[in-house]
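The two complexes that follow have chain A in common; it is paired with chain B in the first and with chain C in the second.
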Partner chain A sequence: MSPQRAHNEVERETGHGTDLWRVIAAPIIWALHFLFCYVFVAVYCEKAGRTADLFEARLWVMGATALALGAIFWLTLRIWRVRARSVTDDDFEFEHNTPEERHRFLSHAALMLCVLSAVAVLYIVIPALYLSTCR
Partner chain B sequence: MGQAGRAIDDRYWRLAFVAITAVSLGACSSQQSALHPAGEQARDVADLFWFMTISGALVWCIVMGTAIYAVLGKKRPRSERFADRFVLIGGVVFPTVGLAALLVYGLSMLPSWTETEAPDLRIHVVAEQFWWRMAYEGADGVRIDTANELHLPLNATAEFVLTSTDVIHSFWIPSLGGKMDAIPGRTNVLRLTSSKAGVYRGVCAEFCGPSHALMAFPVVVHEADDFASWLEQQRRPAAASTGAGAEAFRAAGCGACHTVRGVSEAGSVGPDLTHFGSRRTLGAGTLPLTAAHLADWLVAPEHIKPGVRMPSFATLPDAERDAIVQFLLELK
Partner chain C sequence: MTDKAEEEQQLGKVWDSPRGWAALSDVNNSVIGKWYITASFAFMLFAGVLALIMRTQLAVPDNGLVSAQTYNQLFTLHGTVMMFLFAVPIFEAVAILILPAMLGARDLPFPRLSAFGFWCFVIGGIFVCGSIFFDAAPDAGWFMYPPLSTEQSGIGADIWLLGLSFIEVASIAAAVELIVGVLKCRAPGMHINLTPLYGWYVLIVGAMILFAFPPLIAGDYLFELERAFDWPFFDVSRGGDPLLWQHLFWIFGHPEVYIIFLPAIALLAMIIPTFAQRPIAGYSWIVLSAIGTGFLSFGLWVHHMFTTGLPAISLGFFSAASEAVAIPTGIQLFVFIATVMLGNVVRTVPMLFCLGALANFLVGGLTGVMVAVAPFDFQVHDTYFIVAHLHYTLIGGMVFPLLAGVQYYYPFATGKMLSRKAGIWSFWLLFVGFNVTFLPMHLTGLMGMPRRVFTYGADRDWGLLNMVSTVGAFIFAAGFLLFLWDCVRSKRHEPDAPRNAWNAGTLEWAGKVPADQWGLRSIPQINSRYPLWDDKNLLDTIDQGRGLLADAAEGRRETLVTSVLDAEPEQVLRVGTPSWLPAMAAFGLGGVFIFATWKLWWLTLASGIFFLAVVLYWLWTGTAEIPEKPSKDIGDGRRLPLYVAGPRSTGWWAMFITMTGDLTAYLGVLFGYFFLWTVHENFPPAGVSGPGWQWPLVAAILAIATWGAMVAARLSNAAGRVGLARALIIASTIGNVFTALALMAGPWTSGLDPTSHSYPAIVWALVVWVVSHLLAGMIMQLYCLARSIFGRMTPAHDADLWNVTLYWHFIGFSALLTALVIGGFPLLQ
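Take a look at the complex of A and B:
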């Protein structure tokens, strides 16, 4: 059964298979980045002593941040094609229990989570820019 | 509700007004107020507070203004494009950028901690339930022990080396700057720079037991010369080492816990009392130091300060206790 189209709906890819992982992938990257930043710097400082300079640790944190943001960006690109287009959602009617609707809805949620995760990763890294020693 | 009901209502309102005013006026003393900065670090904290408060008020006005407009404004429908942008800018971009700006402003005030410059003065502070052991590090490295009262020179940077012997305490002089925890087995360092002479109040800012609220200390910021003479006076041994008072002090066993340099130097469980008579307060900021309070303290310290380690000396003959009180007050 094909769902009814909204008046301005266009044909797009809807995704297929069981790709629920896409929904949680970005928050997982956020969590891993968070853990890496805190655990790495804790271990670094424990080994280097309290007065040690944080420059090297900061480079690692920056690297991890670039990697995390890159991965989130790549995920976002893939989801962009599947999502329902509008934030306020007038271009697609989620009223039928079809695979297309489910994919679009989940992709929409996943896209939001991607944005949230990217912002969270940035917020985590801002304090690192202001810390100069292990103290 | 009749006339009587309205009268009662009025009375309640008046009572509520008086109560709220009284409570807020209680905060007007500037002795212990982060909003009346008397030091460089406290000024930063106060600036940060006002910046955050004004920014928060601004955001509140924008949000409430929007809500009021949504309810009372024109009732014509908006385009989907407008709605999209409104949600995107108002709900995503504005909070993200706004919070990031506030975060960056707050973080920019973090002390650099890389300072290699030596401080003008170093003071070792050990927090204990429920008092402060303080030792001034002299130029020659010799420590001058005192307790429960801090003196600082004006316009100088003091470094506090903080630790604790029992539980976690926190060293906070709101008028001079932010707080720093004193943690058993760990040494934390805090630097404060005074900028205004006066008497302030420091407190313990981490709940540490029954007398947590009674674990305070006066902070006297004075001119460099006055400070130097105060420190010189603290360096000297006790003023009176003989006489009936000193004898009574020794006989009662006070020296087992308290050091009075020149009289009894064996005990270090309790505060150093060498210049006790020159201090402003009794029991770490608990009571003003007077003969009557001190006599009460010797009889029932537990009543004045719950959880205090000092035992009662109620069993001493009155004459001996009075002699000890006089002796302690003379330790200027």
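Take a look at the complex of A and C:
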């Protein structure tokens, strides 16, 4: 609220213009994964017919899921390394008027969006785990 | 006269509104915002009356108040007007009104663009609404499914389509304006983590518009080609597929629901902290979950198509995403509830509407989770259960928050207070009326009543529930009338509202009552999210003119442009003054759409030329003006440039944003190509050889050369070699013409007839799309050449060339991609 710094704040990195892109990186991975799953299976079923076995398509979907989760995990690790970004710090408000605080704020948002995107990716893959044909 | 008084006099003169008839040429955001809101509410009332007629018709079984044909027009127009003329535009309207004050800007970066958007909206809206008085209204449902809409509808479908295209123009104009506004026009020191939540929501929704509306534009484009020229994209007998329309419509349609919902709860995010008298309880959680909602909302569109026979696994993906979106949406609601719980709530009318919104939206959200489950949806699809669900989400999630916003911002906009008593009465009428109308509809739907039927037999036992709904609808309407009356009744004899009437913490309440035309007296440094609560000297600083940009010495309307992340001042932007040009341009464009509806091609062409002439004059006289001095003192010992070109300028960002939307629309058309490929065994169909690979290859090479010449022109102009730059622009213009010819040569020489089958139709659709963009690009190139020759564009002042080159990055890319797809993809088969 006030211009003063938080009590235990030390000089931190401030990030730069790519901060905003990093916030949406994980949701973009979700979107790409989602599009891939939907488009791949739709084309597969359209070309193979409704009685076709889904086994091969499911392997592709699971491969894509592993890739997407891996990418999100990698992003998470990188953001985790931003000093005192979120869950290990005792300040969740990010309301000071400094570039450091802005950087921590965006990193916090990016980190939690990684979590949300990973959950959403897992949601998407559920149907591919138990459906076995294109019916 | 003191310096300070002189400054105020300058500001007053520069920002004064035109009077008399000229008042209609105003462009100031506070005026346009009020017009925009008024117009949206007028359309809403119109659509509300349509709904009352429908409810009266359905009150008893076998009623004969209106015919089936009229009823079709009623429900189509009700949905269309509510969605396109109220729910989406009201977001733009409210944002245009309150956003600049919230960010500490004097105006939005492109006020004339706002005015243009407003006029487009009004003309398109009147055109669409008026059709019902001539028995010519669209009648195929608000999502216009072919083949009903392409084969059977009269002119109504064209009116729907062209009227809407027009309104899409207004939406994208607003998106450009608002995104640039939030990113570049915040008060100094307002780091992105201190931006009011409303600004965040506007940013997210603006970005969503860029990816959601263009697929509908692509769909409209294909749809009108089929309606007007018989190109069979959706006609199964000639290789088309109606599902293509459903995909394009709902890729737009589902995000649109969130485009409507997010800005409305953004109002809650401003109102609730004020009346809880404490900061919002989880600022970063709101931001991240709004971003998450924005993304996930694009993965839901097929849940409108659960019964179209898609494979179960496709339904599964969309069902899963539809459940997942409940997570970020829920986080936002929990943050609101937490803020209320942690604060000391002040009992006010806006707060009442906020709580009503939360309660009603919750019901809509829960039935949403139900219908996201595909097997349940199979049962209730196209029944009144869906009608109940969608009205709970839209009225609970959008209308109630909006009315809370009207109650809350009324003193901000008009300087007067609304009546507390009338507010409470209207709230309870609305709340009770709404629930009495729509709660029984869940049951009506479960008992099997389909939506969109104009009557039903007495033996169905739907009579009582329908009667209850009808009674509720009139109670709801009474609440609305009371609300409206309270807003419009004369308050001349009432005292002005006090300054900062609700003791709010955000900057929009720093203005005086009655409000000054120029917004804040001076632009203060911002150090926190709730500056009015945290900085007790802020009002003094502003009023005494101790902030930045306290004068208008050169007699120009000016606002500050700051950096995206940390809001460091970067430029003094001179914004547009009142002008008839935006309205004239809107009327020209309106003529194009309206005359095209009746296939009056010569008048369409004349309107198009008029539109182009006005826009060119507008650009020539009103943009990228070379200032009389390079920089200006803004106070506090700072000097800022008056002219900025390239990625640091607002104009470059506006071009970037517009073209992102345009590229999305192009990709929508391209999606059509691949979609049609998936539904055919042979695509291209057997016996069709076009367009061949030779001409597309030539086109691709020419496109790269043209694109390269444009980039080289910018670089050489910047290096001071003006002659070379002009030569390169000319070379690029010629290359442009040949690119267009080569693109058309492929399908032309191979004799592809677009009316014969969906394959030649989609190839031609891609080519026509790119060629029309090349044509627009040619006009821009010639414009740059003229600017250079007439000394309005120099090596140091090259904003025009930057922006046109940026346009070429997009168009070069789409020309190249088109050539590769139409020439190369058939070779892979």
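Operating definition for what follows: the second predicted complex is superposed on the first by the 105 of 135 C-alpha atoms of A that agree within 3 Å, B and C clash if a C-alpha of one lies under 4 Å from a C-alpha of the other, contacts with A are read in each partner's own complex, and residues count from 1 in each chain.
Note that in this section contacts are C-beta pairs under 8 Å (C-beta built on N, C-alpha and C of every residue); 3 or more make two chains touch, one makes a residue touch a chain.
Nothing here was measured: the structure is a model prediction, and the numbers come from that model.
**Student:** Mind working out whether A:R135 is in touch with chain B, chain C, both or neither, as first, second, both or neither?
**Tutor:** In the superposition, A:R135 contacts both chain B and chain C.
**Student:** Touch test for A:F34: chain B only (first), chain C only (second), both, or neither?
**Tutor:** second
**Student:** Based on the superposed arrangement, let me know which partner A:L113 touches: chain B (first), chain C (second), both, or neither?
**Tutor:** After superposing on A, A:L113 lies in contact with chain C but is clear of chain B.
**Student:** In the three-chain superposition, say which chain, chain B or chain C, touches more residues of chain A.
**Tutor:** After superposition, C is the partner touching more of chain A.
**Student:** Quick check for you: in the superposed arrangement, does A:Y123 touch first (chain B), second (chain C), both or neither?
**Tutor:** both
**Student:** Thinking of the overlay built on chain A, is A:K47 touched by chain B (first), by chain C (second), by both, or by neither?
**Tutor:** It touches chain C, and chain B stays clear.
**Student:** Which of the two partners, first being chain B and second being chain C, lies in contact with A:W60: first, second, both, or neither?
**Tutor:** In the superposition, A:W60 touches no partner, neither chain B nor chain C.
**Student:** Where on chain A do the contacts with chain B and the contacts with chain C coincide?
**Tutor:** 119, 123, 126-127, 131, 135
**Student:** Considering the complex alone, what residue numbers of chain A touch chain C?
**Tutor:** Residues of chain A touching chain C: 1-3, 15-17, 19-20, 23-24, 27-28, 30-31, 34, 37-38, 41-43, 45-47, 50, 54, 57, 92-95, 97-99, 101-102, 105-106, 108-109, 112-113, 116-117, 119-120, 123-124, 126-128, 131, 134-135.
**Student:** Within the complex, which stretch of chain A touches chain B?
**Tutor:** Chain A residues touching chain B: 53, 86-88, 90, 115, 119, 122-123, 126-127, 129-133, 135.
**Student:** Quick one: which bits of chain C touch chain A in the complex? Just the residue numbers, please.
**Tutor:** 189, 191-194, 279, 282-285, 287-289, 291-292, 295-296, 298-299, 302, 310-321, 323-324, 327-328, 526-530, 533-534, 564-566, 678-679
**Student:** Touching residues of chain B toward chain A in the complex: what are they?
**Tutor:** 80, 83-84, 87-88, 92, 96, 99-100, 103-104, 107-108, 110, 112-114, 189
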